[in-house]
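A, B, C and D label the chains in the order they appear, each numbered from 1.
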Amino acid sequence: MNYTIRLVIDCPDHKGIIAAVSSFIALHNGNILSADQYVGDPPEPRFFMRLEIESGGFGLGREEFAAAFAPLARQHGMNWRVSYSDRPKRMAILVSKQGHCLIDLLWRWEAGELDAEIPLVISNHDHLAKNTTAHGVAFHHQPVDGGSQREQEQQIKNLLHEHEIDLVVLARYMRILSPEFLDSYERPIINIHHSFLPAFIGANPYRQAHERGVKIIGATAHYVTAELDAGPILHQGVAHISHRDGVEDMVRIGREIERGVLAQAVRWHLEDRVLTDGVRTVIFE
Amino acid sequence: MNYTIRLVIDCPDHKGIIAAVSSFIALHNGNILSADQYVGDPPEPRFFMRLEIESGGFGLGREEFAAAFAPLARQHGMNWRVSYSDRPKRMAILVSKQGHCLIDLLWRWEAGELDAEIPLVISNHDHLAKNTTAHGVAFHHQPVDGGSQREQEQQIKNLLHEHEIDLVVLARYMRILSPEFLDSYERPIINIHHSFLPAFIGANPYRQAHERGVKIIGATAHYVTAELDAGPILHQGVAHISHRDGVEDMVRIGREIERGVLAQAVRWHLEDRVLTDGVRTVIFE
Amino acid sequence: MNYTIRLVIDCPDHKGIIAAVSSFIALHNGNILSADQYVGDPPEPRFFMRLEIESGGFGLGREEFAAAFAPLARQHGMNWRVSYSDRPKRMAILVSKQGHCLIDLLWRWEAGELDAEIPLVISNHDHLAKNTTAHGVAFHHQPVDGGSQREQEQQIKNLLHEHEIDLVVLARYMRILSPEFLDSYERPIINIHHSFLPAFIGANPYRQAHERGVKIIGATAHYVTAELDAGPILHQGVAHISHRDGVEDMVRIGREIERGVLAQAVRWHLEDRVLTDGVRTVIFE
Amino acid sequence: MNYTIRLVIDCPDHKGIIAAVSSFIALHNGNILSADQYVGDPPEPRFFMRLEIESGGFGLGREEFAAAFAPLARQHGMNWRVSYSDRPKRMAILVSKQGHCLIDLLWRWEAGELDAEIPLVISNHDHLAKNTTAHGVAFHHQPVDGGSQREQEQQIKNLLHEHEIDLVVLARYMRILSPEFLDSYERPIINIHHSFLPAFIGANPYRQAHERGVKIIGATAHYVTAELDAGPILHQGVAHISHRDGVEDMVRIGREIERGVLAQAVRWHLEDRVLTDGVRTVIFE
């Protein structure tokens, strides 16, 4: 079966990296299907690269790749990772009561737009159980009410480890994950925030937007970091509004932006199109 | 010659206002060309209305209108103003060194898109003198260097009064007008801010945007009030950017957004399409 | 229970219509919540109006309205209709195999975005039965295979009549309704066409778009008329694409445009915001 | 002085091209600043590549490059061209009476957004002479009135050759260039068409759009070919309109789209970011 190999690299910029990497691929008879590069800002620019290589004809097996590539990576000081399109990432979705982002992700997943496995959805409420299982995905209700947040988060972490999750998506999960959770959980987490950050950080952004009288509202998908709403931004979307749009209209219009922005961000992440450069992201669309 | 009469009203909302006003117009044989209404938020909703009436056949002369309309206005507690399309507003433009907004306004004005008289452009630099006079508009150089800001602002105020200016447009005027100026100058001032407010208030918004790693940049046209960048917003525009866009690219892309957003806001103001509702604006497009 | 009364009018334009209608409402103690007007193009301009009136305090009961309003309507030569927000329109959805528009409509309907009753979904395939019934909506499979199109359409028409349908939505229904059906079925039908009409009329618009090398694709919601893809347009949406987007990518991107454009058009129709002016539509947003 | 070298390639796709080209650059001590690749559609996919190389340290002089690169190019069957950022392209602009695109291009050029030399503007009218010379650009009035179109086009061609023009921009030039001119003139010509092609080909697209009742209007920048409005599309832009926008409003809104779309297309062309793939374009943004 034919699949593609994705090689993602970043390292200090200097001459000859593209030549070195592409020659390495050519040496092993690999066909490069797509290649993207980007060089960051001075004074110490970093080099970012993403390659898609056809599996057919490529001479390095999965178990051989690391050993063969390591000397080159060491020589150029590379961070690198390789992934294989026939082993999609395993994704968990955390939700609360609002289902628009969850349902949209599940629908796109069924339609083949999201290349992932989704072993489970976790929620602090049980409202979306039926919507989840209707798509053949397991739903885990992990309320906070019956215990401490610490315990709830420990149970969530257990579930994530047990199911070997590669990516956690907060699809309007309305609790703030504790610093302890974030410190100890080592995989990427994508959140959708319902404002065009950094405007309206924190609670009730649509109300804040209404009170300020803005003419555009938006949503932001970002990686979660310890600092609230301050992680690297993957994608943002906006819509024009008018004086006729009250807070409820903004909520309705916002749902549309949120689900589109989150789905696009998740899609890019799943296809290894996102690299981080400090608080900025490099997106190889 | 045929022209249109624009009647703009706001008052506490209650039954029968539309009937009262439109019957008043009908009584005087006026033909309503367009009518817009909006009712604000509870608990004390305000009613906003804009009418365009054809001058042909309308029985009330300019000098008669106020006396005829006053009783109705008093009865409903209205703020109201009337303007006549054959007497366009007189607009002054303040600029510094960057000319993109100025040139765009002047070009649109020549193309007939902005229904105004523009008796003068005022600048704290002399860079844009030639660009201004090429359009047949007087250019006044009012530097701050040779004196205090207070003196400079006094001279600007004198010019605005002398030329009977109805609207001041800050087309990337890079000085902050003093509270004394703003307190004492009673006509509307529109500013273009180069971020999608309230994100990136203050200086160097594009640098701030780059450092935060946002994926969308924007610009905001707002009325100037004593609090910096906090006045009622007339219009906002945005553009998507990518990691490839450095600060200079943002500046270039931003120029395009700024000039478009400012021109649209000015256009709406000149046509009496903007009413303020506290810090919010009602725009009857 | 409080609800709103929507009055929609069109007639030849002349002086005093707004005064007449708003005075009629005031006479019966009605509170106008929103009012929109539009006057069409010369030489014989038509007047279009939409009012929302609060039921509370309004002195005309449902059964009394027509008799009370008829003389005014006759005098001004009005087409008019009145609807009541507590009696939402009854909508049927026709689909084939692709579910994105159907699922989006049903999801929005459950979220309260679409003010309608949806007694049934009809399809020439059975693929979407489960998706439909999961939302508590009856699914009717009406294949063409076992008989003639004429018979199938007769059965569809029977279902529409039986369920007293006010609006038919073709949510990617891939069969062209026969002229006989369209001639004899008297209620509005909204279709979503997957191109920005009038470009790429007919089959396979995304393939046509790819072959032409366009940089923007779109979708169009329109009322169905006897002439294919030529009915009045309610709404259009677009997305930028690049050379990297093949036909499959366009199909994916297009799904997003289609569902958003169709939902918006249906929403406007359900709220009586759409009036037709020949092949053009007046949309009171 | 430091500049960049742009190498643009297309050839049949096969393994090892990136390695071959990047190794060639590395061999001559070149630093690749940016690299873009694209592989076209099966069954006979073509490979497209654009490199920017820093001049500093690069071991191949301008006069040496062709000889050194030719064997590689021959081996892979490449079309290729190289350009140097310190030798910007020479661009001529053709206009008629409407100045918005011309003025916008000249303004951007002065602001440093367009990396070109503009030795002359040619027009069949004299309306825009002053606007052109104000920017220090020569204006040539070449009316058709006093002679045949053939003679006028011959004079235009003479001017283009005399000034060693690399790119001709039709900035709302309202005459259709004859097949004879297009056959014999070998350099690229970019036109701005005031509709979102392929909708509304031919004359008066805004009137056509109004009559059809569309809700979106647009503009298209394309290379001129013998078949009217059918050349490869570089860029398209759109704007939403409403029933309130008559033909004149569309013309006004359209001016804004047209100037933006044309400027972006010209900018990409000047920076060698556009490759053609039959009637499609590959744009390396």
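Structural remarks
Operating definition for what follows: a contact is a pair of C-beta atoms (placed from the backbone, for glycine too) under 8 Å apart; a residue touches a chain by one contact, two chains touch by 3 or more.
These figures come from a predicted structure and were not determined experimentally.
If you compare B-C with A-C, the chain pair joined by more contacting C-beta pairs is B-C. Look at the CA centroids: the one farthest from the centroid of subunit D belongs to C.
In this assembly, the C-alpha centroid of subunit C lies 42 Å from the C-alpha centroid of subunit D. Distance from the subunit A centre to the subunit C centre is 37 Å, each centre being the mean of its Cα atoms.
Multi-chain contact residues of subunit B (touching two or more other chains) are listed as 38, 244, 285.
On the subunit D side of its complex with subunit A, the touching residues are 14-16, 18-20, 22-23, 25-26, 29-39, 57.
Those residues of subunit B that touch subunit A in the complex are listed here as 38, 41, 196-200, 211-216, 218, 232-238, 240, 242-244, 246, 277-283, 285. Remark: subunit B residues 100, 103, 107, 111, 113, 134, 244, 252, 255-256, 260, 285 touch subunit D in the complex.
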